[in-house]
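Please find the structures below.
Two complexes are shown next, each including chain A; its partner changes from chain B in the first to chain C in the second.
This part shows the complex of A and B:
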C-alpha cells in the first residue's frame, strides 16, 4: 500500500440499485454461516476438522451401504446412525459453533453487523439455522448414501425402495432433532467467549460431563430415577426420544419406561430456552 | 441542508452515569468534527444516531428520520466506522467488505463491485486479496473506512479514524476523509479528541464536554478575523511600544510581539509610520486569526 494515500481519480459512483430487506440479510448470513461451518471461503486450516468429521461419517455410511448390498444385513438403521455417531457430532459442534459465533466476538465484528439494518434476532436466527443445517447435513447426507446403497440393491423392486424411504424420512426428522438441540446448546456456550479454544472445550465439557450423571442416575435402585436418567444429558435425551418414538427399536437402550413424553417436552423446552438465552445474550451485545 | 437535529438529547445509563445532558444542536451537511475528551459522550451520541441506544430524553432526527423508530431507514443511509479493532484476521479485505455490503442489503454482484470500488477509493489495490491479519494498522483503518462506505451512505460516522496511525498515516486518512466530504458528496462526522486534527478538514465543529455542548458552529465563523494586529520588530520593541501608546493606540505586549487593537484601517499606516520613524526592522505585521483551539481553551476556562 502506498502510505502517501495516492488515489487514482476515477470518481465516486453513487449506488442507486436495490437494497434488500431483512429477510434477505438473514438468508445471506445463513448461507455465509453454512459455508463457514464447512470452512468454505476460509483458510485451508479451517477446512481440516469439519471435513475430517464429515469424511469419517461418509466413509462409515459407504461401508454400511456396501455391507448392506453384499450381505443384505442392516447393521445400523438410518436413525441408529445418528445415535452411533453422537460423539462425532459433539466434536463437529465443538469445532463449528465457535467458528460461527466466537469468531465474531473475538474480532469485534458485531458492531459492524448491528450498525446495519440487521438486528440481534436476525443474527441469532441466521446463525442458529446455519449451525442446525450443518449438523443436519452431516447426518442427512450419509443417511442418504445408506439409502442409495440399499435402494439400488434391494431385491423387492419398487416396494423395497419405498420400504427404505419409509426408514430414511423419519431418520431425517430424527437427525433434525439432533441438529436443533445440539446447535442451540453449542451456540449458546460459544456465544459467551471470544476464544475459540475455550468455547470448543466448554462445549465438549458440557456434553461429556453430563454423561456420568446419567450413568449414576441409571444405576440407582429406583426405577423412576432410572427412567428419568436420560434427561440429564442432551445425547441420552435425544436417544430417549428416539427410543420412545420408535417403540424401542432405535435410540439408546434406556429403560425410559413411560417417561417418553417427558423426554419430548424437555427437548422442546431445551431448544426454546437456548434460543431465548441466545436472543437475550445478543440483545445485550447488540447495544455495544 | 440540515442533516442532524437534536433537541434536549439526554442519555443516562443505568447507575446514574450521564453520558449526554440536554444536547441541542443542528448540523448542516459537510464534514463535521465532533470533538471532546475521552468520555465526553461522543460515542454515545453516535450510538444514539445509529439507533443502537435509545435516548433517555429529548429527540434526535437524522435526515429527518427518527433512529429509534425508523432504525432501518436511518442505518441504510449511514455508514459507521467503530473506534475499536473490528476486523477478522483470517479473511481477505475484499471478501470481508463484500460480506458486509451484503449485510447492508446489496445483492451479490452489486456487493462485490461496490466492495472493490470502496477498497480502491480508500487506496487498497492488490492487497485487498490478502488476509487482513497481515495488514498494517494504516491498512486496517482503511478497510474499516471502506466497509462504512461500501453501501453508499449519505452520512459517515467515523469514531477516531486516525487512532493508532503515524503522522503520515494521519495526514493520508484526514485528506481521504476531506475528499469523501468534498468530492463524494457524503457528509462525514469525525469524532476525535484532537481538535487540531479535525479543524483542518472540517466545515463545522461540535465540541462537547461531560455530555454538554460547549460550542457548535461553522469553522469559518469560529476563525473569523479578530480585530487585532500583531507587530514584531527586530529590536526596539520597547521604543515602539512607547511610540504607539503615545499616539493613543491601545497596545499590549505579548512576549516579543505587540498586539494593537485595530480600530480602523488607518492603524496599519500609523504603525508603519512609527516603525519607519524609529528606523526599526519590521519582521511582521499581520491581522491575527484565532485558531479554533484558542477559542476552546478560553471557553473551557470560563466553564470551569
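This part shows the complex of A and C:
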C-alpha cells in the first residue's frame, strides 16, 4: 500500500497493512510536541524549567483567587493576568520553542520525518499548533483557577457565575491571541539554529529589545507616533488589541487613540507572515 | 593559556557568529540617534533607552550569549574534551575563558553605551555608563561562566536570573536588589554622573564590593567545578 517515493520498508520488518496518512502523522507530531513542551515523557531535568514557569503562574492564580474570595475585590482581571505575566510567557517561549524545532535540526531527524508522507507544511502546522496549545494552557489553566475561585465564592448565585463566565471566555480568546503571536515568533527564531542555547537567547533578545522601542516612540512629540508606538512590540501589540476590543478596560494603558483596527491588522499580518516564513524556512531542509 | 584564549575567541567570532552580537548595540545607538535627531529632550527618552534597553537588556543578554558561549557551547559540542586532556591546570582554562568572555562583553556593551550617553547628555555620562558597563560585564561574565558549569542548560538558568530575579522579583521584593548586577551597574553610572535618567538603589561601596565578590567567587567556584567535571551524554 505504500506510496511511490516514500521509504516505508527499511528492511527490518514487513508490513503490508493500511498506512496511516498525513493527518495521523500531524496528530502524533502535535501530541508529541505538546508533551515535549511540558517535559512529559522526558527526564526529570527536562521538566524543571517548564514546570517552574507553570508553577509560578498557578501559584499566582491561586493567590489571586484567594485574595478575591477574602476581600471580594478583583485586583487583576482575567485578561489582565496575561498582560502582567508577559515576562514569564517570554521565558516559557524561550524554553519550549528550541525544544520543539531546534532539537530536530540538531539531531538530524528532519530528513527522517520528510521521508514519510509528511509534508513541510504539516510539520510546521503541527509544531505551531503544539506550541500555541502549550502557551494557551499556560495562560488558560490559571485563568480557569481564578474563575473557579470566583465562581464558588460568588454571592449572587447562578447569575454571578455567568457574570464570571462572561469574563473568562473573552480572556481565553485573548490568551489564544497571545499564544498564536508568541508561538509564531518563537518558532521562527528557533528554526534558524540547531543550538538550543542560541535559540533561547535570540528569542529573549528579540522580545526584550522591542519593548524599549515602544517607550521611545511613546515619548516622541507626535500623537500619531504615540498611538502607533505599541505596534513595535508583540506584547504591546496584543495589549493594544485588548484595549481596543474591550473599549479601554483591558490591556495595557496605551494612548492608542483611534488606531485600534491597525493593531488588529498588524497582529493578523504578523501571525500570517511568521507562518509563511516558517513554511519558506522548511522548504529546503538540512540538518544544522 | 593564550592558545585557549585564542581558540575561544575564534569559537565566538568564527564564521558569521560575530554578527549575532551586532544588532543589539546598533539598535541602542540607533534609537538614541533618532531621538537626538528629532530634538526630543533626553529626560523623555533617556530612561527608556539607557536603562530600559541599555543596562537591563543589552548588557545582560550580550553577557549571557557570550558568557555561556565560551564554555557552554564547548561542553554542548563535546569539544571541551580536547582542552581538558591537555596538560593545563583547570585554573588557567577558566581564567582564559573568563578573560575572553569579559573583554568581549565589555567592548560590545561599553562602546555603544558610551555613544548613547554622549547623545543623551555629556561625555561624562557616556564615560560613567562605559565604566559601569565594564564592571557589569566582569560580574555577569563570571556568573554566566559559572552557570555553564553548574547546569547543562546554562542559558535558561541565566534567563531565570535576568527575567525572574532581576526583572520580576526586582520590582516587588527590594531585598533582591542587593544581589542583582543590574542594580550595581545603575548605581555606578548614577554616582559617577548624577542625572535624573538613572536611579540607583544601593550604595556605591556595596555595588563595587558586591561586583568584586561576584567576580572572585564566580571564578573560584567555576575553577572548582571544572576541577571535578564529569562528561555526560546529550541532555534528554
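In the analysis below, the second predicted complex is superposed on the first by the 268 of 288 C-alpha atoms of A that agree within 3 Å, B and C clash if a C-alpha of one lies under 4 Å from a C-alpha of the other, contacts with A are read in each partner's own complex, and residues count from 1 in each chain.
By our rule, contacts are C-beta pairs under 8 Å (C-beta built on N, C-alpha and C of every residue); 3 or more make two chains touch, one makes a residue touch a chain.
Remember, predicted model here, so these are calculated numbers, not experimental data.
Of the two partner chains placed around the shared chain by superposition, chain C is the only one that A:195 touches, whereas chain B remains out of contact. In the overlay built on the shared chain, the residue A:12 is in contact with chain B alone; chain C does not reach it.
Applying the stated contact rule after C-alpha superposition, one finds that A:111 touches chain B and leaves chain C untouched. By the touch criterion defined above, A:42 lies against chain B and chain C together after alignment on the C-alpha atoms of chain A.
In the superposition on chain A, the chain among chain B and chain C reaching more residues of chain A is B.
By the touch criterion stated above, A:29 is placed in contact with chain B alone, chain C being left untouched. Judged by the touch definition given at the top, the superposed model places A:20 against chain B, while chain C stays out of reach. Shared contact residues on chain A (touching chain B in one structure, chain C in the other): 42-43, 46.
Those residues of chain A lying in contact with chain C across their complex are 42-43, 45-46, 49, 52, 56, 87-88, 90-91, 94-95, 195-198, 200-202, 204-205, 208-209, 211-213, 215-216, 219-221.
Within the complex formed with chain A, the residues of chain C that make contact are 20, 24, 27, 31, 34-35, 38, 40, 44-45, 47-49, 52-53, 57-58, 61, 64-65, 68-69, 72-73, 76, 152-156, 159-160, 162-164, 167-168, 235-236. The touching residues of chain A, when paired with chain B in their complex, are 1-8, 10-15, 17-22, 24-25, 28-29, 32, 41-43, 46, 103-104, 106-109, 111-118, 286-288.
Within the complex formed with chain A, the chain B residues making contact are 47, 50, 52-53, 71-72, 75-76, 78, 80, 82, 84-91, 95, 99-100, 102-107, 110, 114, 117, 120-125, 127, 131, 136, 138-139, 142, 147, 151-152, 168-169, 171-173, 175-176, 179, 183-185.
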